[in-house]
């Protein structure tokens, strides 16, 4: 009996016990009339079809997506692996299931990323912008470190928002220097840090931290509105100047660039224009990174939904 | 010397003294080298070219748009009227200048319109929606009674917002009955009443109450965002239920119907969909009313900027 | 043996005889080589899978959509109902099959709706418009009372056109009062009544009155053109004034509002503009009503083809 | 005194009497207070500024566009020609004013063009299509020979419609042979001949045959609808088969190719698709011909309104 | 045992040996555990499902699309034909497999088409254009005679490019005469001949000459760019005048008409405008021909991907 | 008599001699019949109206835009400066006219910018990309240092292309580090350096180095095509690998991002996607810089043609 073998490493014949996510659970009846359970098990490395023969236990479709302690055997069917479950129950404390093994996470160190974010925030020259950013960070610290940046499309993994925000802060820092004649560095950095905080309320997350759906406020109000509104509240609490409060809200409301991409207003100052471009750039680069990682050199992907086109991985 | 003759009634030869708006003021020099002032005078009935010969007084382009006490003579030049000003100074208290004579106003009685608005609000079944609407009315009563609904395009006159809102309340009331299976009357009426309150901060108004420009917050944040945000604040003060607060904001944020027409989000419930249609309908009907009033039966207007097409007045 | 149980009321174990529509008929062979028929039975309340084991009778895919007299038993398979047919033949006169039980109908009383339509037409002040409308009503009375307003999308049930037209007449009547300065009530009501008469030739209907397809003239000419043309013919027969004939045709040709939504010309007078908005409004409200009726409070639909977006049913 | 000198041939110093169109007439007052008339005179070869000093005669702006018998002298002002009128009165019968000298005409022989059109119509194999075309030709013969094809854009000169129709018949004849597997030659030729007959009612023409405006039916119904409707009437009178009548109407209604270019329906059969392409091709080639004729080799035009781009004349 | 029966002529019960393409090969396991091969066989007349029972031979999915020598029996399953393969191996020299029997070809004679192309090229008046065209023809002769014009959409069969080019040359020849005032015949014919030569590098072809995919240069550079570039190289080798070299490249780069259809620049001279229309026309007519050939008179196709609409075959 | 006073420093009463550009030259006649010349003089700091009274010399509109040696007096007319020219002749060698004083130049040091460009090119790791870039630089050195990046819109001044290219190289260098997992630094830097070299042939420049127009090849082929083609030629001369040659051309052809913005193909690899974003970013930032420099804090510009919207300068 092997323990917690990663799905990508499974081979037929192994007897395994470990923690996996059980998904797509469906109760079925075989041709001879006996009930069984069809499902898939997954961890951060992949997923595989699974069956529990002669099953009349308590699990139903409602349990899909939960972490289970599972024992069974790896077999092969029609040229693909199949995991035959012999025992299964929801994971409990004490089972030592590590979420990081089960769901994909951003390829960054959370702790060092947070240190770098804090350093950049501390470098914001304008005291009002700086203290507002720091207040937002402390208020949302837990979720800021773990939530994805999206349900799919790009950065749809644990700590995706942290990774996306850090990349944007780095670019904003560099570009504020390159375009210093027209860019207020403090405003741009504050906008880069704050632009996606509304995503926390926009998304419904599973117990594992992945986005399972958009929330009603997320769809009916949008994360731009909710983010701008919260920033406005804190700004008023902190007594920030009217003009600066307005500019921060403008950067958040316009960071999707164009109304047809979801911007509530169009960017109309240099910092909001640049912020919307940096956001586009980082999301595009991540989409390429995810798509290209699955391609052989010299080949094209299929048409990507997020870009409306196929992409090429060169040699 | 006649007093306060309306511009539409002026005829050559009249000696007139009265209150008029002096606009488009420009200092010029005649071919013989003497300085003069070129301007136009206007009241609610029209406008006419005007000159002050041999003028070296204090008025400059900066004074354009102010109310003046003016004395002079009506003449004719190249087939058009021209008003030769002999004396002019800014109007003062005691000059008995009535703003209602000087700028166009909505063709409704303000007092009776307010009574009707109040009656409709009182009929809102849901206590939370009703009290929020009544609070907003009292908070903004002065401006609600006088501001235009726009800088141009439609309802761009004193009390234009009141007229537009009342028409929409009437339609909402009727249509909530027609579509009662799918429409929550309280929500629709509240949305119809609240949808344009953000316009107060969106527009810069002259001392005469007309819109001279859009404000910086108006352009950088938009009246949808500002209106939704204020409603959200009051809703929280009044302890309104989360779902209702969200719905009111959704109706305001989506009332332009589509992102390319300025909606921050698309309508996604029956009441927001209907509200966006009622808003479109009332603005379109007012555009037609204003355009058609200047046409002869059986003729077309030129291409209207607000519609992108010409319109026909039938016989 | 129970008679004509509604599909929505079936429970396993019932022995039933009754009239149902047999659809999606397919001849198949079981794994043991014996032939059987796979189909679905439906009535106005729903539909359910169905099988005829060991069937070598005359029914083929060509018979799909016909009304049958059916006898059989309700069973359960894989958690869903299944109707095992023991006897089946096409319905005949004398079987007392009521079409109203089998296909969905508008939730209105046809007779009272017709009375209301007639009253509104009788109230049209202009004699020429009024008599043309009344002539069209008598000419198409049968189909006007029964045909759907569409193949799918909205009002795609028996008497859908009647329901849609009546709603529009009610709105037109109210709005002609609200916008009386710019709207000719007679013209608007006539347009609201006449706008969709071309649909009769646009659609191919089954013997049950539902739309099975669009006709060749429907696709190659469109119901706007066909409707306007017939109105023009009758107008000439009745000696209607040129201007009025032109206006009626214009309202019909433009009632889809924009060329990309199928309008042959754009609305260019106040009545055609308003008519196109009323039409949009009624179709949108019906789409919401149909979508929302299948949702739980607090949930979203999937993306609706007719709207290009999901819709929310609030609590 | 020279007679009827073409404007393109005028030189300063000439004393001239002749027929010209007087346009852009405006009554003015000179700086010394004396009244004069400012206008332009034109013929088919060009136009030139014109003045009548000390004029207090009966001509007003209303007379713009009429043919006048004019006497005067060619002078020069600020480097351009100016025609000083000494006598002017509306042309009368007996003045021997030839319209062909005054307005631009298609560069084709009307008589020979008509012969060719008749020959092509006579070659239509299908008797029903052929006789309908011939009936339409006789019914509209006068206007068909003289009206322009448009108010501006292309073929906006006398006999423009004849030239455009003949070119399209020639192309249709050739292409019906090239694509004979998929094209019904009779239908394509009939469509090419009939497609623009609705233009006669669409345009308001001056006494000189040029288009001065679009008519109310032209704007509210469109020439596609009016043309299809008349063809439908004649088809019914002649007892044409339903399918053919439908196809002819379809070709006319769809010949602008796409709804955003004014097509009432999209082309959906091979002949309507090809007809819309031939129409596009002939109008584009004429736009190029008119634009290029005013360019030097190796140079670009300004941006053409009709094409939305500049065009190049190569060497 | 019958030889090389065309698939369209197969009937159940035949024992057949012949050359077919084996496609969609998949290895499967039956319910009793024995391995079999599921595939389809095709020739130029159609395709049919196929099985090899108890197969453990060397063929895999990788062999899909190759020509095989096959022996087996025609049977029927669930109302459709099924070919049970008894023996199969890749075709070899000596098997007398004729590619023309296996893949669809343009319905023209290749030899006579080439003669006609050569005659038209010889008629080009301008010596520089003519010799460049002739040089291109000889350089690419083999592929020009056989390659398809596309992967799908239109002319996606052997010699499709030859057929498409010849049709366009014929139209160009006729239209250069009709529009001789504005069209340089030599330039138009040269453009029509050269416009699609870049397609050879754009497509990846199977050993049978059909397009299996687009190449990396095809997708990253496009056939317009590659074609223009090669023409430019030969033009420089032949010492063609700068202006003419520029014009030829312009015609090739712009022949898709609009940027959203893939044009690298918009047509800006009469010849490039006309060339883009001729290209559109020939591709549209071929799309209709292919779609209509599968329809019954009086019926519509489904929505065609290439046109975005359904098409009608009239009676 | 003062020498070479900058126009921004002129005050009424000065007697000045110096080099200026004479533009908008028009010959006119005063009301008393005497000829005079109306023009404007400009240098890099501004422009001012100018007159030469009683002028019958050789200058005409054709001389507009040339550098002149001018003597005259600064006066005031209608509140604006006016320069009364007393003597004027085209500048000659020996007049010591410095072009840098007369036309606007990029606010960078050309020499140091070139050094930085060379350093960045030297840092390109891939030898093939590096040597191609260096070859292009030497081949075009003179024009690369001086030409504008556009006729208007952005960087429309001397050395504008150098400034734009350097900024892009700096951003590309930084971003290649940030996105090193998906970006090939050598390819991105080579693309950033090469992307606009086709502009040299695209623009027609005056003797002063400003863009007066687009060239025929510029309009008919575009700078993307011309740039890619030249790079392809040099790549072949240098024996660069096929794949790399293709990628460089792809980056150049796609750097406008979308077909509607002029891209010949869409970006399809990470480097071309990023290059198109960097290009957009640098042009947008320069547009803001130029627009904002003319605004007061807290105010909006008019609608900018290049952006389709107004922009805000915050406080």
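By written order: A, B, C, D, E and F. Residues from 1 in each chain.
Basically, a contact is a pair of C-beta atoms (placed from the backbone, for glycine too) under 8 Å apart; a residue touches a chain by one contact, two chains touch by 3 or more.
Here the structure is a predicted model, which is why all the values come from computation and not from measurement.
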{"item": "Neighbouring chains shared between chain A and chain D, ordered by label", "value": "B, C, E, F"}
{"item": "Proportion of interface numbers common to chain A and chain E (over half same, under half different)", "value": "different"}
{"item": "Chain separated most widely from chain E, comparing mean CA positions", "value": "B"}
{"item": "Most remote chain, CA-based centroid, reference being chain F", "value": "C"}
{"item": "Length of the line joining the C-alpha centres of chain D and chain E, rounded to whole Å", "value": "44"}
{"item": "Junction residues of chain B - those touching two or more other chains", "value": "216, 219-220, 247, 268-269, 298, 300, 310, 312"}
{"item": "Touch-based graph of the chains, sorted into line, ring, star, complete or other", "value": "other"}
{"item": "Chain pairs in mutual contact under the definition given at the outset", "value": "A-B, A-C, A-E, A-F, B-C, B-D, B-F, C-D, C-E, D-E, D-F, E-F"}
{"item": "Chain E-touching residues of chain C, taken from the complex the two chains share", "value": "27-29, 216, 219-220"}
{"item": "Interfacial residue positions of chain B with respect to chain A in the complex", "value": "216-217, 219-222, 224-225, 228-229, 232, 246-247, 249-250, 253, 259-260, 262, 264-265, 268-269"}
{"item": "Touching residues (chain side chain F, partner chain A) in the complex", "value": "167, 170-171, 174-175, 178-179, 181-184, 187, 243, 247, 266, 268-270, 273-274, 277, 280-281, 284-285, 288-289, 292, 298, 300, 309-315"}
{"item": "Chain A partner contacts - residues on chain C that touch it in the complex", "value": "78-79, 298, 300, 310, 312"}
